[in-house]
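Here come two complexes built around chain A, the first alongside chain B, the second alongside chain C.
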Partner chain A sequence: MMHRREWVYGWLFLSPALLFLFTFTHYPAVKTVISSFYSTPKGRRPAKFIGSENYQTLIQDDVFWQVLVNNFWFAVGTIPISIGLALLMALWVNSKLKGRTLSRVAFFAPTVLPLIAVANIWMFFYTPGFGLIDQFRSGLFGLPAINLIGNPDTVLAAMIVVAIWKEAGFFMIFYLAALQSIPPVLKEAADVEGASSFYYLRRILLPLLMPTTLFVSINAVINSFRLVDHIFVMTEGGPDNASSLLLYYIYETAFKYWQTGYAATLTVVMLVLLSILAIGQFFLFDRKVHYQ
Partner chain B sequence: MSATHFRWPGFDTVLNAFAMWFLAFMWALPLLYAIWTAFHPAAYETNFVWNAPLTLDNFAKAWAAAPFARYFLNTFMLVTMILICQFVLCTLAAFAFARFTFPGRGILFALVLLQLLVMPDILIVENYKTIRSLELVDTILAIGLPYFASGFGIFLLRQTFMSVPRELDDAARVEGTSFLGLLWKVYIPLAKPTYLAYGLVSVSHHWNNFLWPLIITNSVETRPVTVGLSVFAAIDAGLEWSVINAATLMTSGPLLIAFLLFQRQFVQSFMRAGIR
Partner chain C sequence: MKPLVKMKNCIASIALTMGVATSAQAVDLEFYFPVAVGGKAADTIQALTDEYVAANPGVNIDAVYSGSYGDTVTKALTASRGGKPPQLSVILSVDMFTLIDEEVIMPFDDLVKTDEDKAWLQSFYPAFMENSQTGGKTYGIPFQRSTPVLYWNKEAFAEVGLDPEKPPASWEETIEMGKKLVKKDADGNTSRWGVRIPSSGFPYWLFQGLSTQNDVVLANSDGNETYFDDPKVAEALQYLVDLSTKHEVMAPGIIEWGATPKAFFEGQTAMMWTSTGNLTNVRENAPFDFGVGLLPGNKRFGAPTGGGNFYIFADSSDEQKVAAFDFVKWISQPAQSAKWTIATGYVAPRPDTWDTAEMKAYTDDFAPALVARDQLEFAVAELSTYENQRVTAAFNDALAAAITGTKSVGDALAEAQKKADAILKDYR
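And then the complex of A and B:
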């Protein structure tokens, strides 16, 4: 009798949240897959089933492949560096170094700033001739002006720098939380044994931080698909789509060219990539993660 | 550290300190630079002299050039609405997952966690269609709707609720407290640090959100500050950097100040919330 009452209450308490979750996450995710097999509805002409036509377009779409490659390099450029820096920041801020409180504020501040707003500031840094980077280059080394975001070869790297700056401090917080939960006894024992700081870091800290690294790296992967706000302000995907990322291309396809059928197909690619990467990371880390 | 234990810092420590200061300076540079240009006349944009005259003109110009007051009001309403809905929905759901046994619990929880990976942020095409069929395009409600139920929030609160001692729970049940009373009197007060941490994350996330509001709004009455700022900066003809930077600071100002005031609590509540 008691159990039956628990069932009812459990479902009752859960239902409002589930209603919203299903409407705006699960339903659209499934609907995206369905829409990818349909044409884009135009005017009075409803969407009609076209089989794999959108996927054939996808394979022949040069821009799609370029955007995918861009996103790959964006991920490769941002994920390891931001995680590495986050760990370094956390170790510093957690130590007894002078100025650690102020440093913590500096590292974390980009997290609370809107990406769209800081893009304006970075934009100024990168402005050829007039911007801070060029002022620095010409003032100190007498180098000529360079246009970092106007050049297809450098624009993606310039975007990667902005993304690392934005997210490293956020990841630092998770490492900091983990570091503070590690008993100081371990460090004392290592000192007694005469272990070097490096040995302590490699053989004791890093293994203990593995669950955090897994959590942070999954977040970093998601961010590498999600962080596109700065593109709107800085490059609009240009020049020649050299800085366009998958989500930005989805936005353009759906809301600039109103090709919603094809945009759904692109979204399917993104969902598949996200799932593969998340599952892959889980298995990659699984053997190395030791839960306490 | 007491005086008797004082040791001269080793080479290692000095090197680390310098490296930390250098990186911290690099990280603060964009913000410091924005503050410099925003408070000085345009002529001093790249001319860093200590006696450059201070001015608030840039803020006045930015404020006059776009309806920022309205944008701020929109963002404030948006963030408040999302926070309240998230607290209510996530609390109820987390309580159900933490303390009730019912068929389907495991699979439903897996579906909740799925939202950590497949976020509404990337389902913009289909969510736009849904909002359009609800005839809610260009409303503040529409910006918030996809975020009301948060997988992250449910997960976080469930973890906290599960750490509440069973004895407290049992004692209240013996006294005949209803489930809602139990939640209100025992669980929620004990989870305060989690609410603070989650609230700060949620507010800063939705204050900063851009892509979805950009898609779903198209008028001054609904635009949040982030979209307003991008519209403002896009007019660019004749706008000075100092004015754009003033607007940039203005839009992030309230959040930045809140963060500076609460940063200790912020970091601590993260740690207490047990996110590791």
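And then the complex of A and C:
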């Protein structure tokens, strides 16, 4: 009797979370997979089953492949640098330096600011002629104006810089919290043993930070697909799709071109990619992560 | 006695409120409007709507600010799919085919009953109606419409010995004058360009100015055929590319729309092409004397029109349709239309608005406002097809590729035409 009641309690406690998870995560994911096999409904013509036609379109869609390659470079550009920068900043503001609180606030500020608003400020930095970067270039070095976001060769790099600036401070907070939970006796013991700071960092700090690194890197991977707000404001994916990312292309397909069936197909690709990457990371890091 | 009086009062007041409620329920309209040019437009629409409602007690109009043009069409289509469309909305004129394709709008012809209505339908500039009619029916009524014009810096013209009152009238003159206007600093870097034709986001719009000047149309009026690979289109695109690469009178790469007026104010360019929607902005912020003129011509003068039309949604009751139609008729009358044009800088869409006393006073004070009207004679419909966003996206990509030099003009346009053919084949 008692057992049965506990079982009911368990489900009762779980149900709010389950309800939300099913409504907003699992049901839409399953629905997306189903929609990807249907045509786009238009006016009074309902969606009809078309098998793998959307997937064949996908394979022949040049823009899709270009966007995928862009997203790969966007991930390669943002993930390691933002994590490395976050670690450096955390180590720095964790030490005893003057104006420590101010530095922490400064590093964290980009996370708090809405990206749409900030993208407008970055637009000004990048503006050729009278933008901030060009004023430095011509004022200090007499260099000609440079059109960073109007050139397909540089636009993606310019977007990567904005993304790193946005997320490095966020990751720093996690590293900072982890650093502060490391017992100071370890540092004292290392000093007594005569270990150099670099040895201490390599053999003690970094291994102890591994759970945080795993968490942060999964977040960074997700962000490399998710962080597209600045694309809307700064380039709209241009010139000629040079700065378009997968999620932005999905938005365009669904809400600009109104091809909801094909957009579902693109979303399935993104779901699969994210799942593979997340699972892969767990396996890859598993042996190196030591939980205390 | 007293409680009884109270009760009587109570019943009377209930009856009264019910009576008011039923009369207010007569016709409710939901009206989506986008704002593309700053705060004054929203206030003016609200004020005009309130004025109409005050004069027509049987109608209630809920004017909903719905974001940019893009947001508005997204919202209207989403609401229609959800079964709760607005009755009335201002949406880009180029979205007409999309709205027809989604079967959400209705032609105005179904509501036109009297001769007066018929005359009203004929009262707009033909250049604006091209984008509002297809298959012999009128689906949109021009409202917040614009057209690109040439702005030039008179001081810069005088500085290099050009007549400050005479802007370039042809493609060749743009190059000649542009070369004179280009200024280099001590390091040999260009500190002032001759001309600036913005190309970010939607390069097709200003490019359509060039293609029209080269006497070629980009799409047919049925919206199911494009002519991107026409040699004259290629010629126009080659001219645009040459302005930066060969003649070096325009900055290379994609040129930002948003930064264009600022670059003009800062003296970074002596001429710019941009929408008449910027008239008030330039008037208030240019620190020098400026002129406004027609876009230079080549084989002919030419410019696209742009901006938004009124649409009535099909999924409304008959009373709502009649009320919405009446509101559109009212707001497009010269008196209202003049208020709107003066507040925003949008081009008044019918000739008689320009004859009102308010407009005369406005244009006497600020003659450049007339240039847009004079250009309408040469203006053509903005590029619009079925699946408009996809087709223009393919074309925009091609223009961007040619401007940034990643593809040759011919290859880029041939590719865009191929994509457009694939998209439009179901509509032929």
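Heads up, the rule we're going with is that the second predicted complex is superposed on the first by the 289 of 292 C-alpha atoms of A that agree within 3 Å, B and C clash if a C-alpha of one lies under 4 Å from a C-alpha of the other, contacts with A are read in each partner's own complex, and residues count from 1 in each chain.
Note that a contact is a pair of C-beta atoms (placed from the backbone, for glycine too) under 8 Å apart; a residue touches a chain by one contact, two chains touch by 3 or more.
Just so we're clear, the structure is a prediction, and the values are computed from it rather than from any experiment.
Undergrad: Looking at the overlay, what does A:Glu53 touch: chain B (first), chain C (second), both, or neither?
TA: Touch partners of A:Glu53: none, neither chain B nor chain C.
Undergrad: Between chain B and chain C, which one contacts more residues of chain A in the superposed model?
TA: When the residues of chain A touched by each partner are counted, B comes out ahead.
Undergrad: Which partner chains sit in contact with A:Gly150 here, chain B, chain C, both or neither? Use first/second/both/neither.
TA: The answer is second: A:Gly150 touches chain C but not chain B.
Undergrad: Answer with first, second, both or neither: which of chain B and chain C does A:Gly129 touch in the superposed model?
TA: Only chain C is touched by A:Gly129; chain B is not.
Undergrad: Check the residue A:Ile173 against both partner chains and state whether it touches chain B (first), chain C (second), both, or neither.
TA: Once the two structures are laid over each other on A, A:Ile173 reaches chain B alone.
Undergrad: I'd like to know which partner A:Phe255 touches here: chain B for first, chain C for second, both or neither.
TA: After superposition on chain A, A:Phe255 lies in contact with both partners, chain B and chain C.
Undergrad: Is A:Ser138 in contact with chain B, with chain C, with both, or with neither (first, second, both, neither)?
TA: The second partner, chain C, only.
Undergrad: Once chain A of both complexes is superposed, is A:Lys42 in touch with chain B (first), chain C (second), both, or neither?
TA: Second partner only.
Undergrad: Which positions of chain A sit in both the chain B and the chain C interface?
TA: Touching chain B in the first complex and chain C in the second, residues 130, 255 of chain A appear in both lists.
Undergrad: Tell me, which parts of chain A touch chain C in their complex?
TA: 42-44, 63, 123, 127-130, 138, 142-145, 147, 149-152, 235-236, 238-241, 252, 255-259
Undergrad: State the interface residues of chain B toward chain A in the complex, per the touch definition above.
TA: These residues of chain B touch chain A: 1, 12-13, 16-17, 19-21, 23-25, 27-28, 30-31, 33-34, 37, 46, 88-90, 92-93, 95-97, 100-103, 105, 108, 111-112, 114-130, 145-149, 151, 154, 179, 204, 207-208, 210-211, 214-215, 225-226, 229-230, 233, 241, 244-245, 248, 251-252, 255-256, 258-260, 263, 267, 270-271, 275-276.
Undergrad: Once bound in the complex, which stretches of chain C touch chain A?
TA: Touch list, chain C to chain A: 70, 74, 77, 98, 101-104, 185-190, 200-201, 251-256, 258-259, 262-263, 266, 268, 387, 389-390, 393, 396-398, 400-401, 403-404, 406-407.
Undergrad: Would you tell me which residues of chain A are touching chain B in their complex?
TA: 3, 6-7, 9-14, 16-21, 23-29, 31-32, 35, 85, 88-89, 92-93, 95-100, 102-118, 120-122, 124-125, 130, 132, 135, 165, 169, 173-174, 176-178, 180-181, 197, 211-212, 215, 218, 222, 225-226, 228-229, 232-233, 247, 250-251, 254-255, 260, 263-264, 267, 270-271, 274-275, 278
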